[in-house]
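Each of the next two complexes has subunit A plus one more chain, namely subunit B in the first and subunit C in the second.
Let's look at the complex of A and B:
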């Protein structure tokens, strides 16, 4: 077990290095002047200044020098001020955001986290429930309905689904508006009396005792949560169903039935826990995958998270910002993947022995 | 027990084993692959899927007849009826610069003049025209991306499996790294980086989807080759002294590749979906180019009044969903056939 964890952890720096190389490689499509946004706020217009900047930050130096400077930044010899350096959390200046990329991420990420945390529960629980029902009623109505749902679900692009949801529940029914907060609620949130504890609005509103704000945030989050969830439901349904069917064929299930256990206990106490092993990996990767899914969902629902910021920056070809987001996302995903792998090894002994 | 003298024909054997007739296609593909092909056309779902795809193929081929372009050398530019921002309802008349009227128009609609069958989107773009010519865009991008990713996947996968050792390690770590970023985010970034260099066209998105799309195939093919390598006929070839490269390309690859080939060809649906997603986010083709994601992205500015302008979402959305669903239905049938637990059944 320890061996497995060590081997898995050793891979982390390698992956981190790989991702930085990948992103640095994409930066090379930019001209040196464009790349100066990694270090300075204003891209100078004057040719002299441009030359000065390129010289100062070594934007015409060999690639390995540039890569190193990108990692650790440059220190001004006179003032001792450091510029750039992704290792120190300086991802450069966001043209579209009008602030440092790191600040932009810091402001936007809690919103995304809030959304994904709320989506995880429904995604996993509903998905597994659907899959178990389909397997238990194999070839029955629930199974066929599940099959149709999973095909239709995987065929529905998130943005089409999102737009249709908005059409029905916002334009027609006026139930669930897009965005983050209603105007009245955002006045309260931005006022002095509203204390920020976690930056997650749903939790903060409860901690402040403002239940109305909590309801307001949920009203804005229900449609995005649904949009993030339905594709995962389809995948969960499939995996849980096939894993459950496999388990129901095992001898110990037959034994349990032969002992005269009620079918409920056979399914929920004997079969389901064992069928969950392969579902757990999927659950881990789904949580990770939600982070990728937010780009489109947040854009459709005008929800101010990092996904929307990344899409906006990409739309305006603000490459430094987009790559900053990619880097941040990459870091999170690498760590999350390791955690999932290790947790999985705890659950399933076959993994750590191979 | 009575003894039967050998007669020299196989009728007794045939009766006891009940020989199947082996058709030409089965001979050509081999029993396993033949089972895959047949299995894909057996269930009602897969037949529906196949019909949907066939329908879209016909639409793509007949695009110049269904929606004749104003300028035949530039058919992918969606014609505009003026420059009004608000969408125009379905069936409203075409006032400015009508495209040529197709021969079936009067017979089907009973009208002399063009009208907007599915309405117009923001800026007077005709939704119907965008959907029809968008079908061609979908097939073009889908096929280019699928073929390229598949070829890259085969090359990397077989090199990795063939050389093994350090080469395998390095290539697979590269695959790991490239799979770290979520696919759509990675493609979005690369497309955004490439667009200023190449200009707005299909190319940046296609390049981005190819760059981050091949890794799955490389992994699958590598695994398939590694398992095919252990088959007896490979051992037999090795024993009689066939060269390694010949074993790889003549014995292993043809036997390992077929399931992946079929899976890959069915991935066109997913590719078109990702491409549309990039277009929807505003990356890729220039505004007014006939692709479904772009037509849908016009709706982003009219969310408050979608109850009134529903046709700018529903029609292009439905088209995209049906297209992807066609491929998914076939893919679903294929997965059932490929599932080893199903082998020997049906």
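Let's look at the complex of A and C:
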């Protein structure tokens, strides 16, 4: 088991190297002038601005030099200060975010993580529960309703559902506003009296003894959570249902029933754990998807997470920020894959033995 | 289980029912059905209140998209940051109400101009304090100007200030350093000619590393020469500025936030330049990533920067110790919400007082308008009339804007190794054009006559635009109703094409037995940046019209990704390109120079002989302070532009803005970046 985990962990840096090469390589299809234009928002009023940018970022240097600069940065000949270098956590300046990319990720990721932590329960647990119920009540009302629900859920575009929620619960009822905080709460959170412990607002608000901020934060998260849950439940329901149905047809389940075990034990202790193998993969990727930022949901609800920032950067061709996010997402994906692999090994002994 | 699904079904049904009931109209609670009978009022201030009320009358929430680049007034050069800076910092002078060309003192109590028109002396208000409590001094003002000019670089608006202090055509302090290197420090005092400026290597421009390596004597000398232009008396509270030449738009230039007063001690204490001539090069051409004050602010203005959470919001709070009467609003919140539907929902919920409305969504807002205001040029204000007492919004219409998209001809298209595909075959064989296609005046005139302004205005601007009479825009010297302009005329277009002589045999194309443009035809590419539907329509309209005149005339509309589009213009590859200009200051100099001398003129490779006709008039115009005399100079220039037709001058869209009717005290001045919140309040 330990060997299995070590082998998986050793792969992480290699995979990350591959991701950096891939991301960097894609950019090299553009000429230096075209790449320098990625740093310019409007037609520069001074003609020499483009040349200045090429010089500044070394865009005319050979590929390996640029890659090395990107990895380790450059050193100022006069002051001796280092500029850039992703290995030192310097991902460059985010033109769209108005701050260093690393700071942008540091500021935005906790918001996404906060949302993920609150969404993961409803999304995964309820989704699995719905799937189990549909399978247990095969062809019954719950199963039929579940099928209809999953078809509607998968065919209903997220942005349509999100906008519908926004119009009903915000514009009309004014229950759940978009954004992250109300202005009053935002002023408190940005004041010196509010201490930051975890950067997760729901937790920090409680640690600061500000239950009003906690409620305000939750109010802003309800609609994104509802939207994320709605679109994920349909998938979880279908996957869990089919996996459960297959498991329930296995001989050992029939044996368990023949032995006279209560139906509850048969389903929850014998069938469900075995049906979970395929669901774990889905759950793993769902969590990765949530942590990597859910672009549409965050955009519709103006939730300042990592997905919204990445979408803004991509929309304005902010190449430095896009590269930083791509790398960060790659890191999350790789780590999550390793975690899922390890979880597999725990759930299914065949995996670690092979 | 059944309970759960029943509940869910009920929720969905209820949601759909609510959604069906909801809609734009639900945002406007009815307060009675009587038609309004109020007499027209100006600026919307006298309008009746509607039932649509603000959640918090002390806070103004403006919701738009976009983020400041940085909050350093000397270096920021975009409107999102400009809006913050013009409310937090202050300049010596400012715009007078809605007027674009009239000014009033702000930090200055008064000012005087010397007889020779080169020395401005400002008397400062006493008792003005920065937000941190420090007193504003004349030295702070001088430091702010010097700092701006020394730190400028290509991404900043400081070229606007450099020019009056160093002469026509200058744009960056690096040029002064090179002048000192090439001609000696004395040349900074004596001045250099345009010809001498052409001898400069221009290698220091935006080159931070190279600037640090320049001989320290030169660097100190340039800085001291700049300081010497300012004479300061802190005790008397006066500051004099010595310009290189009499500069007509100087007051207009320093009314922008880029000339704001900063506290020297505060900048230094926060890691910025301390004002020493020994170190300025370390701060040259700073970008946000190395500007220590990029996200903090300390001005003298009516609002204090409370916080900026990038991507979310900027909150300004009222300066209670403001040197004038404190602002009426206690707080201004500038939120960044990219999605229109979300912004609209915020407006519906009463959480936003103003939202940015894209043109394609105007009809959604039009349905909520209860008061319509039309621009009255004579009054320099909107004249309003209540049309529906129950509806919450005020619509402002008819004021011409200060941004225009135009069409530019390239007189000498680059064609390295014959690889420029925008030229087609590169020859006049019906499948391409020669590189000097637009050198022929008749071709340029023909393109002008083939452009249909009326259809363009009707299709793209929904009728809300006016054809520009000249390069200058309304309400400035150089704009005259009787300026010569082209109009859509296919017969004249044909006539001009027949007069062209592309094969240079001295025989007009219409009569050339050996064939010329009229018989061979042409094919070229008109480039625009993908996603810009206005520019795309410009190309397509022109393409259709020239093809109507002669079906052998083909303009291919080519949408390019932004980097490729930029490259096609900068590398002079595009024979015909479509771009826009947004004025920095409301002065003709800000239009004529880029179009005829520098920015676009260079990218168009306008013939030196034609440019030589423009330059003396452009220079004379900026040095003439009498508006009537200036107008005469620019009138002459307009005739030259008409005769030479270096491009097709487009249209200026007119205003179509929305504001809740409870918002009062708005200054409708387009030269502000969005709103100046000091006089604004909510009823």
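Note that the second predicted complex is superposed on the first by the 312 of 354 C-alpha atoms of A that agree within 3 Å, B and C clash if a C-alpha of one lies under 4 Å from a C-alpha of the other, contacts with A are read in each partner's own complex, and residues count from 1 in each chain.
Convention: a contact is a pair of C-beta atoms (placed from the backbone, for glycine too) under 8 Å apart; a residue touches a chain by one contact, two chains touch by 3 or more.
Here the structure is a predicted model, which means the values were calculated and not measured.
Participant: May I ask you to decide whether A:309 touches subunit B, subunit C, both, or neither, giving the answer as first, second, both or neither?
Facilitator: second
Participant: Looking at the overlay, what does A:172 touch: subunit B (first), subunit C (second), both, or neither?
Facilitator: After superposing on A, A:172 lies in contact with both subunit B and subunit C.
Participant: Taking the superposition on A as described, I'd like to know which of subunit B and subunit C A:334 touches: first, second, both or neither.
Facilitator: The answer is first: A:334 touches subunit B but not subunit C.
Participant: Under the stated touch criterion, which partner chain does A:186 make contact with: subunit B (first), subunit C (second), both, or neither?
Facilitator: It touches subunit C, and subunit B stays clear.
Participant: Output check: A:95 vs subunit B and subunit C. Expected answer is one of first, second, both, neither. What do you get?
Facilitator: A:95 contacts subunit C only, not subunit B.
Participant: According to the contact criterion defined above, which of subunit B and subunit C contacts more residues of subunit A?
Facilitator: C
Participant: Can A:156 be said to touch subunit B (first), subunit C (second), both, or neither?
Facilitator: In the superposition, A:156 touches subunit B alone.
Participant: For A:299, using the defined touch cut-off, is the partner it touches subunit B, subunit C, both, or neither? Pick first, second, both or neither.
Facilitator: both
Participant: Taking the superposition on A as described, I'd like to know which of subunit B and subunit C A:164 touches: first, second, both or neither.
Facilitator: A:164 sits against subunit B and subunit C alike.
Participant: One more residue to check, A:317. First (subunit B), second (subunit C), both or neither?
Facilitator: both
Participant: Do any residues of subunit A touch both subunit B and subunit C, and if so, which are they?
Facilitator: Touching subunit B in the first complex and subunit C in the second, residues 30, 163-164, 166-167, 170-172, 178, 299-300, 302, 317 of subunit A appear in both lists.
Participant: Using the touch definition up top, name the residues of subunit B that touch subunit A in the complex.
Facilitator: For this pair, the touching residues of subunit B are 45, 173-174, 176-178, 180-186, 188-197, 269, 273, 276-277, 280-283, 293, 296, 299-300, 303-308, 310, 313-314, 317, 320-321, 324-325, 328-329, 332, 341.
Participant: Tell me, which parts of subunit A touch subunit B in their complex?
Facilitator: Residues of subunit A touching subunit B: 11, 14-15, 18-19, 21-22, 26, 29-30, 147, 151-152, 154-160, 163-164, 166-167, 170-172, 178, 246, 289, 291-293, 295-296, 299-300, 302, 310-311, 313-315, 317, 319, 322-323, 325-326, 329-330, 333-334, 337.
Participant: Would you tell me which residues of subunit A are touching subunit C in their complex?
Facilitator: So the residues of subunit A touching subunit C come out as 30-31, 33-35, 37-38, 40-41, 43-50, 52, 55-56, 76-78, 92-93, 95-100, 104, 107-108, 133, 137, 141-142, 145, 149, 163-168, 170-174, 177-180, 183, 186-187, 190, 299-302, 304, 308-309, 312, 317.
Participant: Taking the touch rule as given, give the residues of subunit C at its contact with subunit A in the complex, in rising order.
Facilitator: The touching residues are 1-2, 5, 8, 15, 18-19, 21-22, 26-27, 59, 61, 67-70, 78, 154-155, 159, 171-172, 202, 205-209, 212-213, 285, 287-289, 295, 306-313, 315, 331, 333, 335, 337-339, 341-342, 344-346, 348-351, 562-564, 566-567, 569-571, 579, 594, 599, 602-603.
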